[in-house]
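In structure tokens below, several structures.
Same chain, two partners: subunit A is paired with subunit B first, then with subunit C.
Then we have the complex of A and B:
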């Protein structure tokens, strides 16, 4: 089979045009920000109450400041992972608008990836950073060590890739069901729980904890946070976290590619 | 250039029973019905041809176009565009084709038309010279500059279609597939679109496959016609041949002296069994006769014999009449010209 070329030049415009479109809908960011801040406030103040009267480390080895940092940064990562890929793919498949992208000499998943980069960037800068600043002003946070920040950054980048794959797979539900809203809600719940956004994974009971450590969702919040807060055992511990992310990142990319190929050959676009 | 061999697409559609009880029962038992949208059609269109793909609503035109553009995979059979099976090599095929779906916008909804064109230039890596030449052409013919910096979502249908048509030709594709390309365009712009596609065809040898319900578009743009009815090809050949398949011919004449128009008409009907004669508002006589039982020679001979003709012409059968006759089953399935 002749391989079509995958020059980035063809995909870049989707990133820039995505940014241009985004900037026309400024109020979206405000709404995302308010929702995220409210969500973070609930978990943060709930867990701070649990850790309030402890002197020294509480359950899971967290201090009030470190569990606050965990939950706030987990919320910031969740905001960054809200890349709209799931809604957009599901809607395009359902409405048949996917046809328009398929007549271009481009890979659809890569188009989606390029188009979500500005969404991720804008969410990070316009919602994530203000959220972090707001909570830093309200409650004491742990200052991470520089080496942990350096480990956190590639880990956060991998979490973005994994979030993209998870959302793409969720959006592809549009090929088999019209109730993609339900599928997206289910995904959101599973991710929030198994990524550690609601309950730090260290606090989960034995079997559930073991399951959470294997699933890919851990790589979306708990993994990067383990590195940021220095909650790992030496170099091997840090390598294990990054290795888990890398393995799932590669696995999910392959899964997306294979499922996409199978799904698109069964595509039915009726009407128009 | 475009070949279809036994091209078939079936859809499985869940049957819904009427009413609330019916809806509830589909929760438990679901019955599927198979719809043959395209039923084993075969045709071959040569490079540089301009073909109208004609069929009644639901004849599978759009489904065929979606297979030819690589969006959908056939249930069986195959098609080739420029030697490539589009659904197997979608991206390779996409480089060589231009598409307009009248029902869906392929422009960037939140961006202006010039921004959309800049994106297309990057996607197809259009050389500067080609891009500039085509933009100049669109300025001249489609007045594309008038669309300015308005986001596409705020354009009128006619403005948007102008941009869609230009966008489909921007990268000098070898083949263009236009599905209802002139909806929302006024007479002047339709003329411009015809001019545009005819120029691309003449200068670059662009192959055109067009579906339209506007028969004047078809007549102005296309030389060939592919008529599909009930999922099968019923005509493949030139538009002229298609018109020649009309089962009735007409002659209109004026005469001097002899009987008055009404009597003359009655006389014609009496002398030519099967023919009908009517008096036109201008006082001429129009004779319609079945091509199967009467030859032109018989009819004209009869008229020359009976009347002192002062004027006489035979209007060409119009496309609408021929198509209506085909859709009603008046013309048997047959194939003219270069079948596959």
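Then we have the complex of A and C:
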């Protein structure tokens, strides 16, 4: 196999065509938005009931406003992480279309990354922001300190990279099973739970909390949210969160690259 | 022979058996499908556990009561899942790709032909199992002692709940006759149905109204649960009417869709 071209220019067309195909189905954004709002509402109602009678900070040091912010922003991040990489890779492997893409002198994972960037951007702007505005209008949220917002932004960017790797690995399950739908469902559930979307990770009991700390998924929501809500101690605390994300980001990129090479080398596509 | 009820039943069993044979060929797929749902509902149960590790009661509901309600929500969902999952395919691609005609040329009712393709779909088994365990275990923990009437009604409530789930799914899947694909809409109502896994008392009044009278998921979990827990029949007495009307509305839309269906050529 030829070495793929790694210059960014070669991947630009995939990003623009991704954007074009996205804008053809604009109603998708509305549906994603309603679904995400309903998903966030379930957890917000549940946890606000837990913090309903307390006047000061409740369990885990959260106030009603800060736990609401945590859950809503976790849902916004989840929307930004829905980059369709898992379904598209799985579908291309399943149908055998992957053979065509392998003929190109480009790295397929990077093609996917380029193609999902506009999806991420559009989801953030057209779904994430309105979702945040909607909840801000309905329930009291915590206004973060400017410095925490500055820390949150790079952290959110890292979470996007990690989400891409997780989805790519999920899509690659198509090499081993035809039921990629089941794999995706399971992944969605596990990620939502261990990223902190259903329960803020600080509230998990001992063993579960330890498990959540070991898994990479906390870098997808809990990490950025720790920074946004200022729930860290000093510079060292913030650096630890970003360091954890960087380490998992790098580790997952390497894992993707290694698994991808192994998978492609044993791939057989039937003609037709 | 396919016209009689017995004939239909035989056919359903036969087709379900064909489906199960297919599963035996792809064992990993079977495990992944039901395993995925087991993981999801398992984590939802854990979420309830974590909530109650911090507070003794939420909106007047205790830990075991909420688990009982969650179990009540999972049973009809799993039962519906077991028999009507093919509706997802209808909303996703059958109309869009012009494949739907094949149900029209069979000598049975098209709806039956459509659903029979995925009878005994194993993805529902995970939900049914967790639901049953939750209801029995939390019922025992609460010291629930159902009356004879409650015992007799309980299976009917599960069936009615499954029929409501089926009606909502059929309604939104049938929209694809007009919109070609209606999968996003179906995904959204499925997400809304997740509200039914928790007590209605948690939610804002407008959301409660939506879940009771517009998308009547409250009747699949909340109404049966408060009846079995507190013998509260306030909502339950509407259940037959709501189930019947939901079914009628869904079937009417399905029939109208069928009559306007034209195959997209390709």
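Going forward, the second predicted complex is superposed on the first by the 267 of 272 C-alpha atoms of A that agree within 3 Å, B and C clash if a C-alpha of one lies under 4 Å from a C-alpha of the other, contacts with A are read in each partner's own complex, and residues count from 1 in each chain.
Just so we're on the same page, contacts are C-beta pairs under 8 Å (C-beta built on N, C-alpha and C of every residue); 3 or more make two chains touch, one makes a residue touch a chain.
Remember, predicted model here, so these are calculated numbers, not experimental data.
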item	value
Touching partner for A:236 - first (subunit B), second (subunit C), both, neither	neither
Contacts of A:137 with subunit B and subunit C, given as first, second, both or neither	neither
Partner chain(s) touched by A:21 [first = subunit B, second = subunit C, both, neither]	first
First, second, both or neither for A:178, with subunit B first and subunit C second	second
Subunit B versus subunit C as contact partner of A:107, first or second or both or neither	first
Subunit A positions touched by subunit B in one structure and by subunit C in the second	none
Interface residues, subunit B side, partner subunit A - complex	11, 62, 66, 69-73, 87-92, 94-95, 97, 99, 101-106, 108-111, 115, 118-119, 122-125, 151, 179
Complex interface listing, subunit A residues touching subunit B	1-2, 4, 7, 9-10, 12-14, 17, 20-21, 24, 96-100, 102-107, 265-272
Contact set on subunit A toward subunit C in their complex	27-28, 31, 34-35, 38-39, 41-42, 45-47, 49-50, 58-60, 176-179, 181-183, 185-186, 188-190, 192-193, 198-199, 203-205, 208
In the complex with subunit A, residue positions of subunit C that touch it	26, 28-29, 32-33, 35-37, 39-40, 43-44, 46-47, 50-51, 53-55, 58-59, 123, 184-185, 187-188, 191-192, 194-195, 197-198, 202-204, 207
